[in-house]
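Two complexes, one shared chain (subunit A), two partners (subunit B, subunit C).
Entry: the complex of A and B
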């Protein structure tokens, strides 16, 4: 009876632990890219994975970092624990206290503080800095696992061994180490796991062009995960599971052999052989990882590109590399603010970036950008005149940026759930739709909605007007299901919500997946935005950057990108080449003048303006 | 056990490491936290915790993480006992199985919970199929607690299991022989002997739960701001490193509290408990212990 209850209890916890993983595995076979919909069974994502160099790269980096840092951390951590026993209690407490710091601190604080250190030491962030950071946060896991065991170990045996004439190391190996071994292994396992699992610290210490699997995932989580990641996770998971069962089998067989005393020596040799196998396998993985991984970064003739997530057709990158012989190191940012933070940390990390209007202005003011060499970008002539004109609002001479995509902000709604016409932002305050509304989790867009609703300029710096907008947003909060960025896409496709504030570029894609969706730009007006390519002032390869921009302006390339990302292209020649007429003349992708007349672009508001918005936003977020 | 010289030799590499990679970066953090943008000394960044926005975020984080830690403990302790009791050859396997989920990236697992919990997600689909009432916990504090418990439960299981499995069976048997019933044995022997593991476990769950921001962002729909979110935003969004550093310094109060607690438990170590162990180790103690582990 009792053991039955125990089994049931373990079973329940098991289900709890594994239900999400099962979900991920099922999703890896889902034809639909959306999490919320089952589109049929496919192996496509597994096949894609084989050809996806960036994912394999990130995986290799993750493994090598995890293995190397675990070995270092385990050795250092265990030695320290043993050494600590001989120290006075006070120094022991102090050292354990220091050890607790990286564990106890918010990962982000550890990450940032290490980032500051590397900056002062002028380390180039990349593989080495991530490795150092991982060793640093892994040591405490080993020590916290070994230390409780160390304390329960009885010193008498060790002392007895010494009394009987054993060398200290021999005595330690024979009397203490076997007792410690389970906790050392547990600690090493923990360290390895933590290293694989870590995201935040890696994120702040990684530098450009170097990704582990978790930073890669983070870039994609909010944007909508590539199903290849699910496939990869499933493979890792199954591989680990198989290894685990295999080693358990081996252990069982050994246990059976152990009963036979005569086989004792054979068994020892087996365990030595096993150790050799493990060592060789580890070495193999490390070598493979070094081959595939970005351990040795920054070669000549490389171009470091920093773009928003899923904002280019990956084939375009390959074509550029093939045509120019330049190797592209491609990174994605999640929001413009994160991109900016990264640039402040290291303004030479990237050569060419694709921010939005107000952020370009901010970067220009901060002196981060370089004037374009227009002779090298003849294809700029394909960009429509009106877009160049709009771009003057942030780049007065059109000398720093070349428009890449543009669009509006509006309301995406589900026609089955919203029966009335959507003409005003007020519908987002309608209690009928409580819990069915998705707001943008970005400061400017959220405030834009509230400001436009009240008839204020979306670039206002008037504290009184902002106060009204902030109050509106607080009032709206109970009705809001969630503040999201790109998850809005998946949630709307899945029918999770009735209304969402969204960028027009997502509309064509979401409508393809769910025909019940419709888009509207409210009468009060909205934001029209332009994303444009800029070259950084400290770019190490500005020439390649100009070539990159020129390449993207080529009509056939712009068309490829449009087909892939469905964000409106300012490239007139590309637009004419769009085959489907309803898309070429789509009201959503290419709204006419009457709609654009009521839309405004964002301006950079200056440091004071930014601070004011930030403060108000925090109030909204923490308000009831 | 080891003499002073060896001890120093063994610990010095780590001490050097800790100074360079833990203390120096921390000093930089303090520098940022105690200065303003122009480098002038100020306490404003620390005092900022008293602002209602920050205080509310801190309190909510404390409440949610305490609740998660308690739930983790209540779930993990019986599990640790079950695992420690069955000293089968498969014990390593079972323990590993509880750690294994962490090999899937934690962002991915949290994403999977979103899929499960969503209003039209997998769980509600199943409930609907069974004609049961739907649950709507996504984007509530409840979902965040669930995410915390899910992500940090292994941190509680492992140390508790470790310290429970290192308890000598003979201690327990002796207590039973001397007439203690199951409850007495548990409260007088098992529980006190597992305190180091419990403290490790609580540290490993409470602190990451307190400072998380990814879980609250994903399962709270960005509607619920914890102190971790505030600090994260200071660094990545509003770009006020000084304020972010200042608020982090406030969080470090919890380190101090933790240090005091573990120091206290170490003081505990020297009393009654150690005498009990000494006594038993003479009769059968560590030899049986080391033999057990090789199996």
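Entry: the complex of A and C
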């Protein structure tokens, strides 16, 4: 009886521990992009992964960093242990204590202090700084594995080798090293795993244009995770699992070694050959990775691009590189605010960026942008007039930005659950739909809904109007199922909610997954947003930046991006080329001008305005 | 006189400010079995390690065969060491262990194989070539360590308590083997031990050490029969060490009773220590001996009885094949030749050492 309970208990623990990972692995084979629906089995995401250069690059970076840092950390850590043995016990304990600190220390503290150190030393952040950081935090793990073994080694063994005529290094290699080897390998595996696993320290010490798998995944998460990432995470999980098993086996063998020495000897013969194969293979991987990672090839003709995640067809980047010979260093930001903070910190880091309307205004006001050389961007003529006109709300002379994508904010609803026509924001306050409503977890969008409902400008800075809006939002809260970002689309696909505030760009995709969904822009009006390309004032390669913008305005390229992103394109010529008629004439992607007239873009509110909105938002969130 | 091989000249060594060897001088001759004997911490192992080259003395010189080797690295010295904990290479088999030194010297393969065969035969381990050290007993491992050292044909073999980790029976067997080995090889052995019995059994020459000083040097017989001070007397075998007064030549007053002895030249009424070995104390019926006493304790030891006799206010240790029951009234009698008279410690150092054992 008791053992049965114990087994059940163990079972529950395992379910809690591994159910999430199992879910992830299953989703990586799901044909549907939705998390809520099983669309059949596929290897598509794995295939996409292999074809995605940015992911392969990040993978290569991760492996190079892991291998090189492991090698350095293992050598340094082992030598340190050898040196420590020469010290008295008390000094040894003190030094071991000190070297263990990076391991106990919060990663974020280690990460930030390393970043500050590199800043002070004027290191340019990138491959080298990440590598140094990884070596630093890996050394303690190696020492932790080697030191206990070191203590059990009979110092006379080394002396015996000297006594028999060996030179000191030879004596160390022949007498001490073989005994240490299992623990050194275990330490190296540990370091390797830690390096692959690390996010925080990497995040703080990496520069622009350099990503490892973990930072890459983080970027993706903010913009909505793609199934390729499930596939990648599954691969990483399996790889780490294998490493851990190898490490554990190494220790087991170490224990068994004492019992069955003869067997070990046979194994040793084999493992010598094996070791050689592994060494050659690792070297090969490192070289290949370096080739693909382009670690040592920093060309002058580079363009640093900073864009939101999943916001370009990767093939477009390759085509641009092929046509112009300019090498693109492509980075993704999670939110506009993070992008802005990074630009304030280092305004020369990127040449060309794709922010939204109000952020462009803010950057313009801050003098961070450069006037475009329109002679170099003849393809701008394909952008529809009405969009250029809308863009004047934040870029009065159309001289700093060229629209890239645009869209509206509206209500996505499930026709089976909402039988009445959706024409007003009021429906989000209808108690009939209590617990079936999803709101956007974003200050401007949430307030936009409440402000528009009351007939106020969505850019108001009037505290009285905002007070009304905030009260409305508080009143609405009991009806709201959740404030979400990209879960909205999955929940709607899965039929978990009836109504959701959503960006028009998500609509085509969600309708494809669940035909019962419909989209409406309420009569009171809404937000129309425009994302546009701008060139930074301190751009190191402004010419290439102009070429980049011009390239993206080319109709065939704009079409490729539209197919990939599915957000509305302002490129009229590209729209004409859309083959499916229902999409070309889609009310959602290309709404009537009459509807657009009701919509406003967001303006930059100024620091006071931002502060006011933030304060109100806090009230809403805390429900007061 | 035998040829001098190793000479330590005024060697001093301290660790962390603690003086381990103080101005030690020692000469070792060719083809001798020399034992450095003393309690732990006496400096015997440090002395051996200085000869082996694993420690460098703070002061003084080490002369080997007329050459100053004080700062020569251990791998350049013509001597080999057998360590207390075997120190075999655990990942190599017996043959590889033995061949280690020969391979470094680039000896031809045939020569190495002959040597392995010869050495294993010498230590009675024929057929063990391909065993791993972990699968051997302690005694067998120690033989491999010895074989590994001697194939290099050193002029001197240093042995650092090589039998310390073995059990009693094995230790006694190995003692005879070591003596035989030394005879066959005809080289110098420098042997470190804290076991006085081992030292007496095997050595040609014993150096008794304590707290960094040489207390006494000599043949096993000299050391045993004529200890020069209380430390040596106490350390070598069991002894009755008693405060006494030298009344005049050939007469000593022990516990206020006069005993005839053979020692001369201590002056008159001089305070001295006397040493009487327990086997030299004769117990005779009351009235037949010099000093009267009572048997207070008896232990059967196999070869003899060990008895404690209270006489003259001192507990005498007596070894005898003849039993006197506890409580027996007896007399004590000592042959004049068996009374060893020693000066009281003169120097402060000696005083410290004597108290310290």
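The rule is short, and it goes like this: the second predicted complex is superposed on the first by the 411 of 624 C-alpha atoms of A that agree within 3 Å, B and C clash if a C-alpha of one lies under 4 Å from a C-alpha of the other, contacts with A are read in each partner's own complex, and residues count from 1 in each chain.
Here, a residue touches a chain if its C-beta (ideal position, glycine included) is under 8 Å from a C-beta of that chain, and two chains touch if they have at least 3 such contacts.
What you see is a predicted model; the values in this text were computed from it and never measured.
Contacts of A:322 after superposition: neither subunit B nor subunit C is touched.
After overlaying the two complexes on the shared chain, residue contacts for A:157 are found with subunit B and with subunit C alike.
Look at A:167: by the touch rule set out above, it reaches subunit C but stays clear of subunit B. Legend: residue contacts after superposition of the two complexes on their common chain; A:82 is shown touching subunit B, with no touch to subunit C.
Of the two partner chains, subunit B is the only one that A:480 touches; subunit C does not reach it. By the touch criterion defined above, A:178 lies against subunit B and subunit C together after alignment on the C-alpha atoms of chain A.
When the two complexes are superposed, the chain touching more residues of subunit A, out of subunit B and subunit C, is B. Contacts of A:464 after superposition on the shared chain: neither subunit B nor subunit C is touched. Residue overlap on subunit A between its contacts with subunit B in one complex and with subunit C in the other: 154, 156-157, 159, 168, 175, 178-179. The touching residues of subunit B, when paired with subunit A in their complex, are 1-4, 6-11, 13-15, 17-18, 20-26, 28-29, 32, 52-53, 56-57, 75, 78-79, 82, 89-90, 92-109, 111-116, 118-122, 136, 138-139, 150, 153, 158-159, 162-163, 165-166, 196-197, 200, 203-204, 207-208, 211, 213-214, 218, 221-223, 225, 228-233, 235-241, 244-245, 248, 251-252, 254-255, 258-259, 262-263, 266, 269, 277-278, 281-282, 285-287, 289-290, 293-295. On the side of subunit C, the complex with subunit A involves touching residues 16, 52-54, 73-75, 80-81, 83-85, 87-91, 93, 100-101, 104-105, 131-135, 145, 148-149, 152. Of all the residues in subunit A, the ones that touch subunit C in their complex are 88, 154, 156-157, 159-168, 170-171, 174-175, 178-179, 257-258, 261-262, 264-265, 268.
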